[in-house]
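See structure below.
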Amino acid sequence: MSTTSDTILEVKDLKTLFPTRTGIFKAVDGVSFELKRGKTLCVVGESGSGKSVTARSILQIVDRPGRIEGGSVLLTRADGSTTDLAKLDPRGREIRSVRGKEIAMIFQEPMSSLSPVHRIGTQIGEALRIHFGTPKHEQRERVLELLRQVEIPRPETAIDRYTFEFSGGMRQRVMIAMALACNPSVLIADEPTTALDVTTQAEILDLIKKLQQSHGMAVLFITHDMGVVAEIADEVLVMYRGKVMERGSVEQIFHTPQDAYTRRLIDSVVRLEKKAEVRLSRPAIPTGTPPLLDVRNLSLTFASGLKAVDDVSLIVRPGETLGIVGESGSGKTTMGRCLLRIYDAQSGAIDYRRPDGHTVDIRTADKAALVKIRSEVRMIFQDPVGSLSPRKTVGQIIAEPLKIAGMKGRELNDRVADLMQHVGLEPAWRERYPHAFSGGQRQRIGIARAIALNPRLIIADEATSALDVSLRSQMLDLMMKLQDELGLSYVFISHDMSVIRYMCDRVAVMYRGKIVEVGETDQVVNDPAHGYTRALLSAIPHPDPHNRRIHNRFRYDAGRTVSANG
Amino acid sequence: ADYKQAPMLDEQVKAGKLPAVASRLPDNPYVEAMIDGVGKYGGTLRTTILANGDQYNLTRTIANELLVRWDPQWKKVMPSLAEEFKASDDATTYTFKLRKGLKWSDGQPFTVDDIMFWYEDVFMNNALSPAKNPTFTVAGKPVKVTKIDDQTVEFKFESPYGLFLQQLAYGQGHLPVIYPKHYLSKFHEKYNKEGIPALLKANPAAGDWVALFNSKVSLTFQPPFWQNLELPTLNPWVLTVPYADSERVVATRNPYYWKVDTAGNQLPYIDGITWAKLDDPQLMALKMTSGEFDFAFRHINNSTFKSVLFDGQKTGNYRFVDVKDLPANDAVILLNLNSTDPVKRKIFQNKDFRIALSHAINRQEIIDLVYVGQGAPAQVAVQPEHELFNERQAKQYTEFDPKRSNEILDKIMPKKDAEGFRLDETGKRFTINFMVADVFGLSYPDVMQMVQQYAKDIGVDIQLRTTDRARLNTMWSANEQDAYIWNCVGGLSEVYTDPRCYMPFQKADIFFAMKWSEWYSNHATGEEPPEAIQALMAAYDKVNAAVTDDDRRQKMKDFLNLSADNFLNIGISRPMPKYMMTSNSLKNVVNGIPITGNLWHPAPTLTQWYFDKPAK
Amino acid sequence: MTDITSLPPETTASLDLHRRDMAVAGQWRLFWLKFKKHKIALASLVVIVFMYLVAAFADFIAPFDPNATNARFTYAPPQGLSLMLDGSFQPHVDQLKMTLNTESMRREFMPDPTKPVSVSFFVPAQQPYYLLGFIPMQTKLFGLTNPKPGDSMYIFGADRLGRDIFSRVVHGAKISLSIGLVGVFISLILGVTIGGISGFFGGWIDLAIQRFIELLRSIPTIPLWMGFAAAIPVGWPPLRTYFVITLIVSLIGWTSLAREVRGKFLSLRNEDFVTAARLDGMSEIGIIFHHLVPSFISHIIATLTLAIPSMILAETALSFLGIGLQPPIVSWGVLLQEAQNIRAVAQAPWLLFTPATAIVISVLALNFLGDGLRDAADPYESVS
Amino acid sequence: MLRYIVKRMVFAIPTLFAVSIVAFIIIQLPPGDYLTTLMADWASQGGAVEAGTVAAMRERYGLDQPIYFQYYKWIAGILTRGDFGISFELGKPVTELIWNRLGFSLLLSVLTLCFVWAIAIPIGILSAVRQYSISDYTATFLAFFFLAVPDFLMALSAMYVMSAWFGQSVGGLFSPDYVDAPWSLGKLVDFAQHVWLPVVVIGLGSLAALVRIMRANLLDELSKPYVTTARAKGMSEFELLLRYPVRLALNPLISTIGWILPAVISGEINVSVVMSLPTTGPLLLRSLLAQDMYLAGSLILLISVLTIIGTLISDILLAITDPRIRLQ
């Protein structure tokens, strides 16, 4: 086969603009690339660099007022016919017949990209109905098959459920199933595995790979996770501020990066593979120091009967970072929320040592005490979008806890500016609303809010998940710097083992609501005692294209350890 | 004689369902004098009625058959069901001789027994009539009715009652002739004690026999009369669709009706009547102008609608016919002389205050503006065309003279506040809260708005409270009002029997001295009025007792004079004749027929109306 | 060790200068910049300001006393105001020739173009008056230059008592644009607060409030008003009566808003940003008003603008029961109430159209203003 | 779901009791009673009513008893025998009077609802999809115009125009020929010829609210990401609009279906009176004015019950159409 016939999609000099009240914003500025049959092109780059907009431009579904200003998107079919998608009427019949059938897309936001009032099965089957007019029962068969493929447990019942009954990870898998329904020749996957824990992520990557091999499907894969890139990519495209910085084979990008930004990215990846430098120079925390937080036998059962936190005990010492890892849905967030009484745990004790040396049980503390404690123990929410009031400016959001603490006027202004600078946000942007920030910036706003009151303990729930690797490492560095300055402690919840390794002194591994293993980070990472921990570690994508090892993973299944490929 | 009947009855007679016309008519039927001449049979008269509480419209249209009647000109009392009547010289005993062969609408004979049934079993039955109708009582003593023979009956009073025949000829005199004994006795405890429990069971709405009886018959202006299709009557048309929850009311001719025309045709000419039940007079006017009615008068025959109706004559194919509806005054300011507020009562009872207020009103301006010039400044008085007209009574204090008002008021309430309003003796602003209901199409809110301005000019604060009639009703019957505006009966002959605007008479819709009227009807109740009022009352008692017409007239004049002296309420405008609308094809319509609150026209003349070109 | 300042500078370089302006503009400035873009909203703002000015200076603007009657001109039709006469600027109206038709009981009018009646600005008032209640004035904005008997200037016609509809509409604005709207705001505050509490706290409080709302809603308004009409002392001055009734109406009117607010709150109360505010130590009421209410302000604006005409019109139903405004006070509702008869509809439609137009204009203006404010306050840029 | 319904019903019981008490108190608020109305009425017919008769009637009607006792009698009758008492004025059991009119009211409401929906939904959609276009402004203007003209006046004007300009017979729901006739094709046609005017008049008033709500809801939904998702499947814009945003924007509207039940009786009294419709509105108004206590009380009670049932239905419908509410 010749190179040209291998090319399914050729994007040339694509330009997508957003006219705003105040001028033209070039989100995609002259992007060109090709997608080859059966190959995977990974797109990486800073958040806000135009990856998603590029993807949407291909299908002409850029949100208004965005419009494609120039360039071409040539789709070459198996029979040799080509169409320039960029020239088609975005509402016309032609482009509609391409959407979903020839080119399918997995959207970045799995939470909101599904209709809340239609059944899962209907939504997946819809594309079949539209393009092939598949009869109802056949549709159902196919949907069930798809659900099975994306590892949704009990597909027969799941097919008739509604979106909100699914966890974030499940929704993302539904999106994937939906995209795969018509066996498209091009799959555009916009961060399709962000909500998945590493084990599930590995399964999905495998599935895509299989389809690629059997159908010759081309994949455009957008991700922040360099490990994933290393595992699956044939080619890599690096984007920065709407432009392509560098394009090349995966080996080239990882081992001989040309562009400065790419280099920074790869550096960060490498850096994150190790323990943070700051921590190396830190004195060890004396073992005898009384714990800041002493959690004993904490349990919480949801009204649905689900025991989300099951007899959890932990200790957090002053100045220490405790990492919490575990599969998605294992109860990490729930446990973190219990610590601040956002959820009321049914039993157990959360003894917190106040600065004056008294200990208070947060679980039973009264309102007044709680208000005080909450100014000392802060939280960074897992969902940076949801945790920022959409109608408040960033300045107001950061100022809120300060104001309530009684700060006013100039002092308040200065402090807000100071905080913004700390997390790398321009203080001049204080009057902007959260939506005007990219995902990574929003996460930093959350961090600024958390550190505003000089807290003693921060519960950070996936505090860096939306950041690209280079930003992520810098953010982690910032947090550790604050730790040094303020004597802070962290409870650091994360999916990402490299982050844990980089940041945490000790790690607790959660599995189905229970803590299955606690220990020094090095010890847990290098010599995991529990089967689940081992499974988890085995599924971590390794950011080295030479050393793709995700295939060697194995799964932990309630005590049984099975090889994924076995 | 040779009597003829409506063609619509021919078939029934042929089929034997109905006796021949001669045997349906009395031996000596009432012969109606015609206006345009003998008419033609046929047609349905389409008219309208308010959907609720408007039974009176039906009564006025088809139900006013009495022992004696007024002539259409309202001059003298004439025979009706009674072919002869006689009054004793001392005005205590009245004898009536019924036409022989009168029949109820179901064909059963109407005789003195029916009158006796009313008298003995209804009127004198304390359960059915806990209080006695004043038409049949004198000085608190009820009448004594005696059957002389099947056709003759005697009414006897303990003391002279010269007005009895007049009273009997008004609508309220219908009591003796609306109770068909043969039908009603089965609902009467006295006649059907055993049968009643079963009847009650079948009729859960009634709790006992009295309720049951009352649900079968009532005075003609009360709902049950129009809700019971079974009730036999003496009326020219009988109901086929009741005035209940249907969207219309329908009546069809009474084959036993007892009047004929000069050519021996049994009346009425018109086969049937339909009333469209409407909730709103606006719609009545609209439908009139689009030709959906042949006849209408109540609710839309006032100045508010005149202009619209005038323009619609062509499309509606109707003409205006004058109606002599002439009360004593169209707009009367009735200050509550028995107000519960002692300060206000004192001021209201002060005749000078009333005079001052009267002079403050620019009557001509109100008439020009609100009544389009139709009217004349006047107090409450008998109309000029009537023999009882009293010029002083009509004209006194009607000049617009605010200066004089101020002079008078400066004596009564000299002090004023910063805004120029007068203060009462307690030093508070003297305010009259004036109840105003928009009734009879007389634009009272507009009139009062102007009165309010005039009063302001003389320093009297009037606050208007526009309200619906029902609320006003409850207020005045509880004596809670300061003042209100209404119209006043007594513009023509009815003044003899109904002097409610000229003195505190009885509990009616004119309440300017409720406590005194209570006292008048029963000295044990109410409040004893001052000397002058008592004298006024005594003067009217003399009218009632007068035996001869001349004497009565003289006594009445004396009474009206005395009433003028007392100047109890403030009239604004002498009314002008009203109108009704009748289809251009209707004939034999009396022009200028008199109508008042108790003279229920045009019912007695409607039987001779006919369609020139019978309607489809 | 990474220096914080070496974080990739999120400069605004890729934006042009104007946008950069925008990005750093203060909240209020931003608001104003955005609002200005909304041309219709801006025009509406002007209209509303104008209307309130008219209401405030009603005595000056209205050429006649709104209650001055004139028997000669009952139901006089609108007299067109023309500015030019014989090619020169000479504002005038044509004199109306009146004939009294006693048969149809009305006055008939014919404009007589040969007899122009001169109109000019700043004419002496028939009676001295106090502008805004305290400035003594002798001048009206416009009027007849030298009125002779038989002259008239009814630019929007006259009513059944020969009162000038234009002056009445101008004076009516005072009540309709002030007290008339009080009820809307009371409803708003009650609806948001009670609905908010119900939705935010849930549980028993919610249950009790919901049952209470159900109770209130289930009582039809007419009997309720009738009951109140009877309960209000006759001696009360009409303005107070009206005010109190407005209060009562709004006391019932909040329920539907409360239900909507509750629904919204139920879904919002578990959002992370609410939890975040709580963790910041904010009080529950503070959370309701600072975080939750702003997030459905557009719904509130829509509800509000829909409620305004009903409030202005509520009195048409009230005056029937005797608890609305009483003469001599006028409002737009009163004017419409007076137009509610077949005579006005058939023969004097100006009685209906003039006040209706005033209401429609003000409601539309308020609505578009609301839209504009909402869009401007909305951080999410909408299409311009 | 079933548990939810049962729970809601149980909670409705105390509300119903409270409502019946409030209803009874409200009709007692105005001074006087049916007999004062009656007396005033008789008096204006040229006669006078003797105090004795009134006292006897008051006793007969039980109006002389204390109010709590009257209430007890009434409510006990309803609960034990389904007997709502009698109408003083019409001399019939209340139950006989209400049902026929209730039927017409219900029919009218349903027709009006259909009309309003049929008009408002497309206009609302248009006005949202073409936000700030000429059609949007026109729709807004018309909606507010109809909102700003009182329904009474609208009814009167419409009737005048139809009658004077087009010669249509207006008012009521039937021509005289068909009023008392049994149902037939002719009667149905006649009904259709009459019913459209009140439906339009009543409907236009509520158009504004619906159009605006539809527009606002739709604007909220249109930009949701799941709409883009559906678009990416290749769905046509029209189907897209109907299947997703409109479907969701309808939810708040669906929840108002339940409200038409109470509106059946108390809503549009004005229009019903002006147009002389055989619905419950005029009956309620008249019974209140005449202080026909049991009729008024029963109507109010019925309205309240319908409101509560309506709320229940709304909530259930909402739960059915919106799984988020049903299943959470």
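Letters A, B, C and D mark the chains in the order given here, with residues in each chain numbered from 1 onward.
Please note the rule applied: a residue touches a chain if its C-beta (ideal position, glycine included) is under 8 Å from a C-beta of that chain, and two chains touch if they have at least 3 such contacts.
Here is each chain with its UniProt name: A = ABC transporter ATP-binding protein; C, D = ABC transporter permease.
Bear in mind that the values here come from a model prediction, so they are computed numbers and not experimental data.
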Handout entry: Middle chain, criterion being Cα centroid separation
Key = D
Practice task
Could you let me know which interface, B-D or B-C, is made of more C-beta pairs in contact?
Solution key: B-D
Practice task
For chain B and chain C (ABC transporter permease), let me know how many angstrom lie between their CA-based centres, rounded off.
Solution key: 48
Handout entry: Euclidean distance of C-alpha centroids - chain A vs chain B, Å
Key = 89
Fill in the blank from the handout: dist(centroid_CA(chain B), centroid_CA(chain D (ABC transporter permease))) in Å evaluates to 38
Fill in the blank from the handout: Between chain A and chain D (ABC transporter permease), the Cα-mean centres are separated in Å by 52
Completion exercise
Residues in chain C (ABC transporter permease) with touches to at least two other chains are numbered 229-230, 341-342, 346, 380, 383
Exercise for the section: Would you give the residues of chain B that are in contact with at least 2 other chains, written as numbers and ranges? Expected result: 282, 286, 468, 471, 480
Fill in the blank from the handout: The residues of chain B that touch chain D (ABC transporter permease) in their complex are 46, 51-53, 56, 59, 129-135, 170-172, 204-205, 207, 210-211, 215, 221-224, 227, 241, 244-248, 250, 274, 276-280, 282-283, 286-287, 289-290, 292, 315, 468-471, 473-478, 480, 489, 494, 498, 506-509, 522, 525, 596-599
Practice task
Would you pull the chain D (ABC transporter permease) residues touching chain A in the complex into a rising list?
Solution key: 223-226, 228-237, 243-244, 247-248, 251, 321-324, 327-328
Completion exercise
The chain D (ABC transporter permease) residues in contact with chain C (ABC transporter permease) across the complex are 11-12, 14-15, 18-19, 22-23, 25-27, 29-31, 131-132, 137, 140-141, 144-145, 147-150, 152-153, 156-157, 160, 164, 208-209, 212-213, 216, 220, 223, 252, 262, 265-266, 269-270, 284-285, 288, 296, 300, 303-305, 307-308, 311
Problem - Interfacial residue positions of chain D (ABC transporter permease) with respect to chain B in the complex - result: 30-32, 36-37, 39-53, 55-56, 60, 83, 86, 89-93, 97, 100-101, 156, 159-160, 163-164, 167, 169-174, 176, 179-180, 272-276, 278, 282, 286, 289-291
Handout entry: Of chain A, residues touching chain D (ABC transporter permease) in the complex
Key = 56, 59, 61, 63, 91, 93, 96-101, 104-105, 107, 109, 112-118, 126-127, 130-131, 162, 164-165, 175, 178
